[in-house]
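We call the chains A, B, C and D, going by the order they appear; numbering starts again at 1 in every chain.
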Amino acid sequence: MKYAYFPGCSLKSSGRAFEESMLKLFAHLEIELEELDDWNCCGATAYMSVDETSAAALAARNLALAEKMALPLAVPCAGCYGVLRKSAHLQKDYPAIQKQVKDGLTAIGLSYTGAQEIKHPLQILAQDLGPKAMRSKVKKPLKGLKVACYYGCKLVRPEAPFDNQHDPQTMETLLKGVGARVVDFPMKTACCGGSLTGTIPDVGLELSWAILHDAHRREADVIATACPLCQFNLECYQEDIQEKHPDLKPIPVVYFTQLMGIAMGLSPEDMALHRQVVPLTPILQEKGILDSGAAKKSPPRQEHDA
Amino acid sequence: MNAIQREIRYESDRDPAFADAIRKMPGCEAIDRCIQCATCSGICPVASYMDITPRRIIELTRSGFKDDVLKSNTIWICASCYACQVECPKEIGISDVMMALKTKAIAEGTYPKGMPIPILAQEFHDMVSQTGRVSESKLVQKLYLKTNPFKMFGLRRLGMKLMKTGRMSLKGESMKRPESLQRMLQAARIKK
Amino acid sequence: MSLNPESNGKEEVRIGFFVCHCGTNIAGMIDVEEVAKYVATLPNVVVSKDYKYMCSDAGQDLIVQDIKEHRLNRIVVAACSPLLHERTFRTATMRGGINPFFCHMVNIREHGSWVHSEKASATEKAKAVARGAIGRVKFHKPLEKRKEPVEPAVMVLGGGIAGIQAALTVANSGKRVYLVERDATIGGHMAYFDKTFPTLDCAACILTPKMSEVGAHPNITLWTYSDVEQITGYVGNYKVRVKHRPRYIIEKDCVGCLDCIDHCVFKNGNTDDEFNQGLSKRKPVYIPFPQAVPKIVAIDPNACDFLAKGKCDQTCIPSCDKNAIDFTQKETFDDIKVGAIIVATGFKTFDAKRKPLYGYGKHQNVYTALEVERLVTSSGPTEGHVVLRDGRTPKSVGIVHCVGSRDHQTNRWCSRVCCMYSLKLAHLIKEHTNAEIYNFYIDMRCPGKGYEEFYERLLEEGNHFIRGRVAEVTDAAQTKDEEGKLVIRVEDTLAGFARRIPVDMVVLATGLEPREDANDVRRMFNISCSTEGFFLERHPKLAPVSTTTDGLFLAGACQGPKDIPDTVAQAGAAAAEAMALMDAGFVEMEPMTSEVDELRCSGCKTCLNMCPYSAIGRDDAKGVAVINPVLCKGCGVCVAACPSGAITQNLFEDQEIFAEIKEILAHA
Amino acid sequence: MPEEFEPRIIAFFCNWCTYTAADLAGVSRMKYAPTTRVVRVMCSGRIDPQFVLSAFAQGADGVLIGGCHPGDCHYIEGNYKMLRRFNLLKRMLSDMGIEKERVRLEWISASEGDRVKKVVNEMTEHIRALGPLKLPEAMAKWDVEFEEEVKEEPAHV
């Protein structure tokens, strides 16, 4: 099983833990990922709001690179996943946009026929690999760990390519497969605040609070996500949120790949637990999943790899 | 006491060209089917922060009340989460309409003063058009310099956390060959 | 069969051509005088004139006089669609003294003036099709409509209020009625209701007398637990095979004493009681509700241990002193002959689970409207006390309108009755619990007699009416007073802001939609359905209760969502149409059947399996095909298939159609 | 601008579905090209391929056949028979040099008035693009050529 891999800008900086844990987990599961050569930023919603046609071309360049490799494209960041799919739709449904994107791509010797498969790691693990293949690899089942699975918007809207639109269960199935207990979490597809949290905090932080508050009400120990922006909004602003909601207790927000890696016996360092702003390790130790001394002093914060 | 003013709209206040322009944007074809049922405002996670609810934006847009629409903060508070578009019983592309209105407002520079999101969008667009990548820290700096530099000071707590966990790189990100991206974008631009 | 029209019989063909102005409907876009003048020049045309209203008495008399005066033996009328006035002009032709089938109509209104916008080309087209008709009518032969006796009996399918009303109306006229109902009792959806809008009459008080009247009526044969297996024949002579599913009770012996229920091995209910919408349980031997008609119990094969698993002490058998329980019962069939059929199969309510954001099936205190009907009625599972599943009485209730309706993702249409029954439920719940009642609506649709007044009454009772379609019902509380409640998220469009309203109970006003098996029923009865899936009437205004299949009528919600007053009115209309058919005693069959010319038939049997009605047999002695005119429906499929052109279809003979094509395309 | 070519199309409509749909289009005052001349049959299964050949032979530029949607036929399966004959007929016509677009089969139910308008307008445009068929004139020419051929060779005894 081999996939072309589109990391996106976040996975190289604030979302590094997602890339690090995913690469180690996929290697452990013998799934090969080959990063697109000299990929470009997908443009997110910001670029699209300035110029829709160029945004379609921007994303299409990455699709064309993947098409050249003739491999399905793995896209972990839900934001990029949504934008790449939207570019494909725009080209399919609007001939005018398709023509301009074609002009753009031909100018740099690339082409995009519309056949490129875009897949999220959740889809790859749950559907392509399948739970059976992972069951044998579980070393430290996440016994007693209550997880709230949070999907955000782009994986299920405007359409849900691999899961139920209103009540997705892929992440639940995967995490139950590695021994965790999942809580019923109706806000799993509510908006995390997106780009609002950094620009208009009075609005963005309230959205994050609503999700964190309900996770506590459901007695979740940790929130699992599949998007770097959701992880960032839900985890890094908890202190700022407490200014308006003092009763909010901190709760770790991790990537589902980190939890699955730990359950398969991969080290906390490999699973980039040291990247947590709200630490997960103490909870894992309290649940006996990690023995108390396991987490050595966190390794030096390399500025960033090559 | 609110100042007593007469508020009445004449047909001359309507700008049908504006309404038609939005109707032609991708995904916005069906706004005339709207029965004002308000499912969009109901499901929208941030409708309560908007000065004009999404439902009223659709009515004002299709009737051509351009100023009301482009002066409101609605289109900027909308986080493009597509909940309204999915739940709309008449299958109207409400999120696409909000995106189209953002594009129009940015193109014509008619957005409320001090609203950071259009500035972020422009900065983001320029950075990616140049380097092909986004450097988060540089983008945040550019945004705050343009909107209100003093608030930068408030970010240092968040900045410290990110530095401590190695999630903040001050280095400017870039593609190896950004010029190939620029050539593509140039070729894709609409030939005027 | 030479092609030369003159030698077709001895007399020379003399054609009368009449083109109608239809006021300005035709004359406005077609130069009718020009057409009349032109047709006058065609061979065999003796009379050619235009007239303002051909379908009027004066217009028809024109035909009658001209036939007599000019010894005409063919008539062509260029006017509206033959589907509208063919019968009118054939009657006039007959009054003129010649065979009605010597008259032929040309459609220059619906297919001409109404759909074209340029006078010259529209007139040109009118001339062409008129010329075609002139060419065709020469070959017409005298035909007689075959009279078939009508069986003086009606089958009514479906025992809801529509079926009951239709059955009673027909039975009271002295005709035999077979009422076939799928469930164990008649009564349909109306039997579930406590009260009916807008007068708050108790549903049982107006329904049960009609049900018992049906049960006791000498002219009505009531078959419950039965379906239609197969239907053949045609108007006036339908042969229907009805299947009776085994009830495991000998119907004539059971007196409805219900002792067997008490003595069943199951002390209390072991399966969902469908009648109470699953709010309570019932035993395997059961009666749907006390006033069921017929008052006969039935044994549910899936729930009864003996029938399902084959082992049970069968304590029920000795308890019945009429020993009416018989576990060996098998399916039985009845073959009946009826003259007309009334389809009154009703509707299904929308499955609320298809709107996941309303939480039906996930949140315990979200109910459908039908479930609440059972809660508020005194004969319901909670004796009329509106209580939640955990026993609490709700202090605040939200009623959500348009669930599944007016929605492109589920049902596009408005189901017409939900606003009114939501008002009724709001009143009843308020009366039973004095709770705060909220109604969430898009448009309050109360168009009937006394409906708006009922809405006003609800307003004055202090119920809250919030204009805004509910987006979500969630239990993700955000404040103290939302804890333990269901939060309704909506925009109050009249007030102009978003609201979060915590309530104890949510009622979903689910819409009406066709039953799952509507398509099978439709195909069995050969009727078509509209895009939504409801059965299609022949014409929404001119023939709302009949269908394109003669002798088959529609009543009630199977034809489209409607409330009880409209349903009863429609049932009466369907009954009247069926009775008109039977009182006439005979029905005229169109003569367009086909005949085999034995001289030409080579006996190759190609046509035999062409006929879906197996009307074509083979006379082995002569080695030729033979068509039974009674079974032949006149589709003409065999005619086109016959390699040696041995079969002709009356009124659509090859030579007639070839002539029509030739003349249409002939140049002026 | 040369006087625009007005195609003449013979339309065989089945009585229960497409003819009724055309009536509905009329009642709804929908406007479409005046190029079709309707011949009513009780079922599309009644249409003998010879009717179509005869129409072309007599000068039609196009033939449109309208029937009920599969499963909706008033006579249960007449339209299926038409479909079978139509596929054979279409291949034969193109073998004889009559373009495929000149003959068209459409399933139109009684409630689809707008489809009648769409199909008629669309077909009119296609045939206008193809130009007139003029089969009668061609046949007349072939007859003359045939006469000459026969004259040149003495009849073989």
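The working rule: a contact is a pair of C-beta atoms (placed from the backbone, for glycine too) under 8 Å apart; a residue touches a chain by one contact, two chains touch by 3 or more.
Worth saying up front: this structure is predicted, and the values here are computed from it rather than measured.
Q: Grab the C-alpha centre of each chain and report whichever is closest to the global C-alpha centre.
A: C
Q: Kindly indicate the chain pair that has more C-beta pairs in contact than all others.
A: Result of the pairwise contact count: A-B comes out on top.
Q: From the C-alpha centre of subunit A to that of subunit C, how far is it in Å?
A: About 53 Å, centre to centre.
Q: Where the CA atoms of subunit A average out and where those of subunit D average out, how many Å apart are those spots?
A: 59
Q: For subunit C and subunit D, let me know how many angstrom lie between their CA-based centres, rounded off.
A: Computed from C-alpha means, the inter-chain centre distance equals 35 Å.
Q: Any chance you could list the residues of subunit D touching two or more other chains?
A: Not one residue in subunit D touches at least two other chains.
Q: List, in ascending order, every residue of subunit A touching at least 2 other chains.
A: Residues 210.
Q: Touching at least two other chains at once: which residues of subunit C meet that condition?
A: In subunit C, the residues touching two or more other chains are 357.
Q: Go ahead and list every pair of chains that touch.
A: The set of touching chain pairs is A-B, A-C, B-C, C-D.
Q: Residue numbers of subunit C touching subunit D in their complex, please.
A: 81-83, 107, 109-112, 114-118, 121-122, 124-125, 128-129, 132, 523, 526, 528, 530-531, 536, 548-549, 592, 610, 612-613, 633-637, 639-641, 649, 652, 654, 657-658, 660-662, 664-667
Q: Which residues of subunit D touch subunit C in their complex?
A: The touching residues are 6, 8, 10, 15-16, 19-20, 22-23, 25-27, 29-32, 34, 37-43, 45-51, 54-55, 58-60, 68, 71-72, 74-78, 81, 85, 109-111, 117.
Q: Which residues of subunit B touch subunit A once you look at their complex with the stated criterion?
A: 25-26, 45-46, 49, 76-77, 79-83, 85-86, 95, 99-100, 102-103, 106, 116-118, 120-122, 124-125, 128, 132-137, 140, 143, 157-158, 161-169, 171, 173, 175-177, 180-181, 183-190
Q: Once bound in the complex, which stretches of subunit C touch subunit A?
A: Listed in rising order, the residues of subunit C that touch subunit A are 356-357, 474-478.
Q: Spell out the residues on subunit A that touch subunit C in their complex, using ranges where they run on.
A: 166-167, 186-187, 210, 213-214, 217
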